[in-house]
Amino acid sequence: MSPARLSVVGNEAVGPYALLRLRRGALEPGVPGQFFMLRPPGRLLPRPMSLCLAPVGELGFLVDPIGPGTRALTALEPGDEVDVLGPLGNGFRLDPERPLLVGGGIGVAPFPYLSERLGCPPALLGFRTADHAEAAALVPNAEVVLEPTLVTDALAPGFDVLACGPEPMLTAVSRLAPGAQLAWEAPMACGFGACYGCAVEVDGRMARLCVEGPVISARAEMTTEGGVALSVAACSSGRALARRGGGR
Amino acid sequence: MILNASGCLDALTAPEVAREFDAFVTKTVTPLQREGNAPVRIAETDVGMLNSIGLANPGIDTFLADVLPRLLDLGPPVWVSVGGFAAAEYADLCARLERTDAAAIELNLSCPNVAAPEDEATAIVAAARAATGKPLFAKLSPALPDLPAVALAAAAAGADGLALVNTIRGLALDPATLRPRLGTAAGGLSGPALRPVALAAVHTCFRATGLPIVGMGGVETGAHALELIAAGASAVALGTVLFADPGAAARVREELAGEARQRGFADPLAARGVAHADLDGAPPGPVVRVADGARKRSAQVGLKV
Amino acid sequence: MILNASGCLDALTAPEVAREFDAFVTKTVTPLQREGNAPVRIAETDVGMLNSIGLANPGIDTFLADVLPRLLDLGPPVWVSVGGFAAAEYADLCARLERTDAAAIELNLSCPNVAAPEDEATAIVAAARAATGKPLFAKLSPALPDLPAVALAAAAAGADGLALVNTIRGLALDPATLRPRLGTAAGGLSGPALRPVALAAVHTCFRATGLPIVGMGGVETGAHALELIAAGASAVALGTVLFADPGAAARVREELAGEARQRGFADPLAARGVAHADLDGAPPGPVVRVADGARKRSAQVGLKV
Amino acid sequence: MSPARLSVVGNEAVGPYALLRLRRGALEPGVPGQFFMLRPPGRLLPRPMSLCLAPVGELGFLVDPIGPGTRALTALEPGDEVDVLGPLGNGFRLDPERPLLVGGGIGVAPFPYLSERLGCPPALLGFRTADHAEAAALVPNAEVVLEPTLVTDALAPGFDVLACGPEPMLTAVSRLAPGAQLAWEAPMACGFGACYGCAVEVDGRMARLCVEGPVISARAEMTTEGGVALSVAACSSGRALARRGGGR
């Protein structure tokens, strides 16, 4: 199990984000919601990135440059090479009857590929600014809300929600849509179960998000870092996971 | 001989990675189950990574019942790392492992809670020695005022080899908030920053004890591995590098062979200890006599003295 | 407040560099003259530099007669770093400095030769305290099993502040010959690799003692300095960075002011200890009460408690 | 005292060496035999380099790529910038009556500038291979010997020798030409007396080569790293220095 060295095909700005396109090589795109570990040049550890787009022969990632690793990824240029491992973790179940994609900020990253695989279901996307909202152009059938309006303000009942976004959003969504599939985040060093770094507390026990997530549809007693206990839908594996608090 | 560093690989979730090692070392097992520390547990810095996993493990009962049998099924010999808070706990853990097919036991002595690490090492290793006939490796922290003295104490108490080094304490702040990035504030620093520290520890402990040493700390390439061997290691373990490159075992093994050949060594282990030899060809300084038992038990797991 | 790290600047050969500091710290002075170690004494690694200077210094007699008067003439306050092998030697060195205009004394406690660093620190600091009324800073190695305990012991014995951290042991091999690059084999590792180690040390010792701390270890930029202050330092010292950038004091001072402003702090010291405060604004954990004498003497050299 | 940031004008191969030319900025070239500290990109410490050439507005350095620092210097490209501190240390005295430059390998580095300042005196240069000997083209009036012939085999008496080269060569030269000025080397971290890293043993005492050297014309009891004691000419400051053993 070695990372593949993929070459950069393109890296274009999408609002404040960058759409990094890599030649796919022998890697499979996997299921939407699965992720890949990308090693930014000059950094010790790889960074988890959801697959955003899977055009023929390519893998596309939407990167939010928030720290040294993501900034190094957004600085890659065509012809550069990057080590990529994946697909990893558990993606979304693709069997919902009335799918609705609900996401916020860089949480929309997995939606273009997810939307394609689900036949372009409706999507409800929240962003901080109009600039950030440029990413919505990657998602077909999207309705966009901007802060101070929140996706939860606009969420209609009766859908099978597939959500990805900052923790407070996921928490709020899980209250309104108890059957939702949620894609969580946690800092990850390895992405394949080796380091126990991505452990989050679920039902008073620690579970590795990279092994049991990142997509969870759960109804369990989940405790976030801030200590807020809430009840979310029971997941296939019977557990729920919380990503670390703080949010970005 | 290439091993993984304890806590840096779960052979059950990544069996194909584990099978590339000559032996597989478990995450440290404690008497009782431990959930580990609250998140965030990892952070990257410019010179290494910090972790505060907190020895998350299922505890010895579940380990013996559920985990070890599956690990043994994978193929490579299994070294079990054990940890506790008192000598009696280590002894008990070793006694429980005695009847298993574990190939060796690594005593994680890296978090001593007392002011006299020599005494602590002596007590723990002696208790463990009394409890098991398996090869015993004492894993030490490099952050000791007199590391070779602790290594000697472990050797005298019956350790068959050493595992060097464990992480050292470090802390990183979030640049924006200036708050610690790890939930526990400080954590263990591993990776590149440890490289010179590990070389110094292996060098001085080889000289002091002559015991076989599993060297680790920031190894990323065959050249790094060869340097640890030159300093005195008989085997090399890979930790942090596995997170970026799970295929590192095969790569480092190949690079290591090439680096050794390039310098005229028949095989990598022929370079063991050359850092202690004068450049004019004079042999290394006095080699400490290693006890017959230690010699024999180390050979069992393929480590030459 | 920005100082140089002991041993990283000779104010007499580079007075214009020394004058950029708020205070100048001397290389450690010992009772007798020391030539230092045989070459090679320095080596660069990928994560820091190694040195085995070996406390080269003219000895206290020559220092008092020839060196100190010229240092005092330069302008900035002079802190004298002293080192010895026994408490009585430290006491004697402090007594000899008592009648000089040295602003403060740094006790280099970083090479303890005994197994119980707490006892050693207590003995040395107590002896020094009895010998001088000058502000006394205990400089500690981070490579101790229980650093805060040693810091507390130093505080209890009368230290007015701490200097954290000294180097940790490292070794580098020549890639071609696989022989140690330094004449002494191992040496002290400084620079980037120390950054997380220094942050952890300052963080834990601030919490344990509340004493003013001169933080150092791999500081290259104002952001690094601000992190040490957030962890608990009242002053920051520059070491290895001076070799690449002798003008670092002025640069870091300016960057530090900018970094603090950018995060909403009126001045850099307003950020002192914020790493200990909860993000929701709750104040940092229990602040240890600092003795009046220590408070007063630290204030003398411009360090707030 | 801050290093100046100089931009690279050119960096051309001269045999196995590289001639690195920097825009001089406000820096003085100093006296031949003095050195500058150049900080290779990506390295922690600067590296000492003798000034090789001082064309108008430029500083030229001849770099032997033997390790990470010198390799990074030889990889610099026009337009790149590099931090430079200097001139530092003590150069050659320029008052000899019958100057002869004697050098070996990368030891020829200070000679082009030295030769210019002395009016192109004769030079005797030794190299390992013909490829290395290409550097001789930078030194006017040069006679070249290749190994196994050594410069000391070809050294005629009656000259005021100014020498630079590997330690065994300098040692041999000082035996044949007791009045020689010798430019020694030692690993240096700072170059301005701060670190005590460059100390070498002289007359049983340690002296900093960056402060008291690198050029010494000495007659003193000098002990090299290998422990060989030899007598060399007394220098103006009454001391002699040895650079570290090993040699390259």
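Order of writing sets the chain letters: A, B, C and D. Residues in each chain are counted from 1.
The rule we apply is simple: contacts are C-beta pairs under 8 Å (C-beta built on N, C-alpha and C of every residue); 3 or more make two chains touch, one makes a residue touch a chain.
Keep in mind it's a predicted model, so treat the numbers as computed, not measured.
Traced through touching neighbours, the fewest hops from chain B to chain D number 2. Note on chain placement: the centre of chain A and the centre of chain B lie 35 Å apart, centres being C-alpha means. If you average the Cα atoms of chain B and of chain C, the two centres end up 32 Å apart.
Chain centres here are Cα means. That of chain A falls 58 Å from that of chain D. Shared contact sites, meaning residues of chain D that touch two or more other chains, are absent.
In chain B, 48, 192, 279 are the positions where the chain touches two or more neighbouring chains simultaneously. Viewed as a network of touching protein chains, the structure reduces to a simple linear path. Each chain pair that touches appears in this list: A-B, B-C, C-D. Listing the residues of chain C that touch chain D in their complex gives 7-10, 13-14, 16-17, 27, 35-36, 38-44, 48-49, 51, 53, 56, 183, 191-192, 240, 242-247, 250-251.
By the touch rule above, chain D contacts chain C in their complex via residues 1-3, 39, 43-46, 68-69, 83, 85, 186-190, 192-201, 205-206, 211, 225, 244. Chain B meets chain C in the complex at residues 45-48, 50, 112-118, 141-147, 149, 168-173, 175-180, 185-186, 189, 192-193, 195-197, 199-201, 203-204, 223, 226-227, 230-231, 263, 271, 274-275, 277, 279.
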